[in-house]
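So that you can tell them apart, the chains are marked A, B, C and D in the order they are listed, and the count of residues begins at 1 in each.
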Amino acid sequence: MSKASISIGGVTGKVPVMEIKNIVLRFGGVVAIQDISFDIYEGEIRAIIGPNGAGKSSMLNVINGFYHPQEGEVWFRGRKRAAMKPYQIAHQGIARTFQNIALFKGMSALDNIMTGRFTHMKKGVFSQMIWKGSAEREEYENREIVERVIDFLEIQHIRKTPVGALPYGLQKRVELGRALAAEPQLLLLDEPMAGMNVEEKEDMSRYILDVNSEFGTTVALIEHDMGVVMDISDRVVVMDYGKKIGDGSPDEVRNDQAVIDAYLGVSDN
Amino acid sequence: MSADFLYTIEVILNGLMAGVLYALVALGFVLIFKASGIFNYAQGVMALFAALTLVGLQEGRVPFAHLINATFGTHVHNFDWTLPAVAAIALTVVVMVLFAICVEKLILKHLVNQEPIILFMATIGLAYFMEGFGDLMWGSDVKKLNVGIPQGGSLWFEDLTIGWAAEGEKFYGMYIDILDVWAAVIALVLVLVLTIFSQYTKSGRALRAVADDHQAALSVGISLRMIWVLVWSISGFVALVAGMMWGAKSGVQFSLSLIALKALPVLMLGGFTSIPGAIVGGLIIGAGEKLFEFFIGPLIGGATENWFAYVLALLFLVFRPQGLFGEKIIERV
Amino acid sequence: MLYREVGEYKTSYAEDSQTFPIKFDRYRYFFVLLVGILFVPFVINDYWAGAVFLPFLIYAIASLGLNILTGYCGQVSLGTGGFMAVGAYAAYKLMTAFPDLNIFFVVIISGFVTAAVGTMFGLPSLRIKGFYLAVATLAAQFFLVWLFNKVGWFYNYSASGQITAPARSLGDFLITGPDATPAAQYLFCFLFVFILAWIARNLTRGKIGRSWMAIRDMDIAAEIIGVNPLIAKLSAFAISSFYVGVAGALFFTVYLGAVEVTEAFNIQKSFIVLFMIIIGGLGSIFGSFAGAAFMVLMPVVLKNLLVTQLGWATDIAAHFEFIIIGGLIVFFLIVEPHGLAQLWNLLKQKLRLWPFPY
Amino acid sequence: MANVMETLPALLEKNSKIYGNKPAFREKAFGIWQTWSWKQVHEEVDRLSLGFLELGIKEGDHVSIIGRNRPQLYWSILAAQNVGAIPTPMYQDAVAQEMVFPLSHCSAKFAVVEDQEQVDKLIEISDQIPDLKGIAYLDARGLRNYDHKNLHSLKELAALNSKEEVLRTELIKRQKNQNLDTKCVLLYTSGTTGRSKGVVLCNKNVLESGKAGIEFDNINQDFSLICYLPMAWVGDFAFTMGLGLQSGMCLCCPESAETLHEDLREIGPSYFFGPPRFFEALLTSVNLKIDDAGSVKKFLYRYFMGVAKKNGEKILEKKSVGLINRVMYLLGDIFIYGPLKNRMGLSKTKVGYTAGEAIGPEIFRFYRSLGINLKQLYGQTEACVFVTCQPDGEVYSETVGVPVPGVELKVSDSGEVFYRSPGAFLEYFKDIANTNKTKDKTGWVATGDAGFIEEETGHLRIIDRAKDVGKMKQGSLFAPKYVENKLKFYPNILEAVLFGAGKEYCVALINIDLTAVGNWAEKNNISYASYQELAGNSEVYNMISDHIREVNESLAADKSLSGCQIKRFLVLHKELDPDDGEITRTRKVRRNLVSEKYSDLILALYKGAKEVFTETEVTYEDGRKGKISATVKIQDIQETVYQNEVA
């Protein structure tokens, strides 16, 4: 018996899911993002890295509609996207996690992940009032999908624990679960490994890789921990002071002089 | 000048005077909110309680007389003495400081790190408690408060303004209550004193430090509990002043605690953390509701003061959620 | 201690997410229902209906409503009294304008009218948050009370400014008016409580309930998962107001019979209902009932104790009531900020773990 | 089609007809108990059988089953039998190298495994097991990018396929070839002594012994069983396939090892088997929790446990008990016993068994006094478990009961116990010599255990392994296991290994129980960073020596065993670990290996040293090896002189 080489990531082709074109974002006089363009291919893991304050988070916030850039365009699935509210973007199939865990503290892990199914649940208020029948059926159909996510992330034992009572690492996992439950076409991860120890980072990397390969989910992630990112991503955008200073495969980026100067040379975290 | 215009001026003036009292109550709110993040619903009841205590002490009433009589079948009502206003005020201040200490010891200490909404609810509970307690202690009858501030219309001002009207118009001069003027002056002095206190004394600086950044203040060794007692004492003092003014004007009774509610729209306009905001907001609300009642009130049945302030604040906030002096809120993700 | 859960395994998600997943709890619930339907109506008299059961049932509806808005959706409202007044006046206008309309539908339609008004006052919630919103809802409270007090059309220009509920019946049973029997009134209210509590449970367990809680816990994250804040908040306002409106209508038609708006639906009413959900437990259906029961029973008990037993004057008892309510609220917040519902849960947990501590 | 009752798959078909939609298997997965009816299971097994045929599994091939208790793996056992192959369940927590022996010994052609972890292990040792032609897995997670040439998912195997009719004909043909004597399973013993042996059981063994078990305790279709013990262990096979299929009871698989207790509570099995250590650990945790409880609970617990101790067993055995005592017991049931059983998940247990080792009498009585019908049985892989069982009402902590229906028993002159039963195995796989040594021409099987039949009760009583019972230098009896068990009844002592054969006195190696002693240390403000540090603590030593002194006293009371008193002991610096081979996966001590590995320590114990420095090789969970070294203290114990009056 032999084991085939395991390809990292599930890149199916070079079909862009999302194209970012010449985005400029200003807060008052401060320019957070300065003329940035890049694209995200179907099925790849795309990383955006850069030192603190480089504008990574702002970029993510532009992608999912929290910030509206003054200039530039966002293309999703080959069509230019009009200015949208974040919840409309969620309905388009973009899910995300947050750097400082944004779970719903008053709910159990299960309920938190169930909220991820929001965009897939269509039953109206009146059928929910009656519950028996269609609303109940819809609830349990979605519960099944959520339970698969729970199984995937190996958090069965905390299913009914209020998330506030969970340790940090598990909260991160629940949050990832919430995003996964949405079965997103594009999954945005905002520093998924922030504040984790080495072991937790390894776990999280494994989950990200598994998500990518098992479900073929396209992943875009922000991280300032270079090491992990280089290992798991297919392509990397490097940002510094709101500008793009590098873009390419991890190897290309690692050897890029501008990146070394701006990023690798100055900081080790 | 036409009489209508003069009437308008008079309404505005009176409104501003009322606004000063709103502002006084709002000031107490702001002080506590800034220092501890607590939205103190009990501020109005504190004013009532302070005024009740003041009257009770001044007139030498026996505390809990009602209760004592009911329990022991006695008929005690008054001691044989009355106190001069100054002494009564001084004693009331002491009572308010004691009150602040009790609040800290019995309530705040146990609610550290709770969510703001919980603290807010606690102050509502406190308000209920104080209302019952104040009434039980001093009786629920309407009391007259007289601390020696002159009252009644200012004849001098009436005489001054009577000639401003154009010839042939019916105008009898502007009415302005001397008490309101006193109130305005005292409020001004109070704000000045508070400003000086917070700028130039050690405690005041500590207070500002806490308001700016709780954690940082704690880490440089400022005792949060000390600060809480301090700020509740000051608020108690401010409540006393407000209660005194309002009590002198319309008697010390339950409805006094409702002026606290009026301070809420003031706060919405001015922002929960801004002392100038509280004052400007108070003046706008005061003048605004009087003007509205004067011009629109008769058309729709009157008594619009009941709700105008809230609706004004509501509409204002819809268009400017950060209030008059607040900074634009950028939501961080 | 009382729990024997061994062998209660769930083989479907329906079993797993039922309201009372433990058999013992389920039986207890059915027991309460049975007592409520088969026992209480036969022993109820005017005193018990007037002092305990009717106010409890009606306040339970109101606090269910407020709990949906405040406990589940996180939007603090101090306008409950005003919205109850809307329900009451809508019922009055309906009853006088359409004398043939069944009282059941009068109450329901009053709920819908209140829902519309509530939604309108909920609009600012999209811009205003937290305390600012709480204060803004006071505008509704004061404006509505003023409106019903000043505009004659609402009270049919009656000289006293009061509104009085005409006698109406459901089938053969008189529900409103002075001749209605306590049992009929009780069952009428019971019916509403049962249906509305059931609906509240259904709403809060599913998608819409989760969208409310998401808004409550973290509105930004809620938007990210696709919750439209406009719809979530306004639906909470509408449904909450519906409940409060129904409560107001019942309060007026069944319980009081005659109402003067500044007395019956003033700001105190808003606070009482708010206390109910705080003491009972925010975000808990059971808590709404527990809080309502507590706030209704406590004055009755106090009055019995102080006035009847100790022979004190009623005003002293009233002062004590304030002191005790206030003290208890503070006490509860200190000891258990999540209210009676949480205490109940803890007790249940203890009994389930008995004799182990964990 | 073979005779309906002659094979397990035939039994399954019968069940699907009789019981139809009644539950056959449950598994906690995705938050709820997924349930399969007998009919569904029959269909699944049928489909899987066709899939196995398509893969080319031949009659007589061995199919290895590796994974924790999952319904689909049980179905794979049945499907393998159905196509005439011999299922060979294996311990799923064995490291890859440990799997080489059984897999190559039986030349397994095919393996059905649970998940990626097992697949990886098999791939790792693939060079050493050339006979393995294919693997089927249950959980696809992580396997997506593996080369699927010889890798199949169970789901796909069970899917419909085009050659169904051809395969069906073949399946029926094969089913016809099967009868009572067809080999139905190959089980590798855990190998307490030396290499493990492959025990071959035929349909008759499993069916007959299962039937005996069912009759003995009146088990029926309404029973339920929780399957949590290793699938490779004969007990699991006998209870699920023998008892389960024949009685039609519901077999429930927990979600994971961590959630066992919760799942146990949910299911509330009516038939429960647990090794003594399960009940020991459970009682330890009960005591720990009660220690942390408030004073009211503590009082109630102590008081009513006293009541239970007095009358509980009598009431359980339906003996006459006074009214007041009955009322007190009833109160106790409301306050303590009922809730306690509820927390332990044993409220609904009608029949509970323990076996494998001696259980502490206190522990045993504890459960019985609560009203749990816990009994002991004596069984062997070679007998397909059932040799003797305790009948209801005749339960003693020292005995293992009377022979189950169909079993004959005799004790040889040397004291070794022999049995003859329809459940007795066919042979040791590829080991005729050992087969003949164990089982004679007339069917009597040597158990290898020394014991005797109690005269007053007629129950069998086991003393020790026959070959472990030895003599001391001065000629007195040396029964190490007997003493070790006495020691292990103390919650603080996890393992004890006694040495002394041919010596003047006995010495012991002790393993402390980290949970119990750790808790004790916490309460006594003793800080420690590791097992090693705690083990070396002198206060721990004092505590252990108190325990040993008590054991010595009780040994001194028995004239024949008074020579087994322990004179010197040490607390081992590491826990005995199956990964190091020191104990088996069923946690039986491998005495020889231990005595070799720790020969320096034993030498020091006999030399009279006060402490000894040692270095030991350890295997980590991931299979890496390392060394730990320590200086181990040795402590002396005062011997108790034989006292006649203490009897």
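Assume a residue touches a chain if its C-beta (ideal position, glycine included) is under 8 Å from a C-beta of that chain, and two chains touch if they have at least 3 such contacts.
Keep in mind the model is a prediction, meaning the values are calculated, not measured.
Path length between chain B and chain D in the chain contact graph, taken as the least number of steps between touching chains: 2. For the interfaces A-C and B-C, the C-beta contact count is higher for B-C. Between chain A and chain B the centroid-to-centroid distance comes to 51 Å (mean Cα coordinates, whole Å). In whole angstrom, the spacing between the mean C-alpha positions of chain A and chain C is 42. Centres computed as Cα averages put chain B at a distance of 33 Å from chain C. Work out the mean CA point of chain A and of chain D, and you get 47 Å between them. Within chain D, contacts with two or more other chains are made by residues 31. Looking at chain B, residues 331, 333 sit in touch with two or more other chains.
Annotation for chain A: residues 66, 98, 143-144 touch two or more other chains. Taken in their complex, chain A has these residues touching chain C: 64, 66, 85-87, 90-91, 95-96, 98, 102-107, 111, 114-119, 121, 123, 125, 128-131, 135-136, 138-140, 143-144, 178, 182.
Considering their complex, residues 1-4, 6-7, 110, 143-144, 147-148, 150-152, 156-157, 159, 210, 213-214 of chain A touch chain D.
The touching residues of chain D, counted against chain A in their complex, run 29-31, 122-123, 126, 132, 135, 141-142, 144-147, 150-151, 255-256, 258-259.
By the touch criterion stated above, chain D contacts chain C in their complex at residues 26, 31-35, 265-268, 286, 289-290, 292-294, 297, 300-301, 334-336, 338-343, 345-348. Partner chain A is touched in their complex by these residues of chain C: 12-14, 17, 199, 202-203, 205-208, 210-211, 213-214, 216-218, 220-229, 235, 239, 283.
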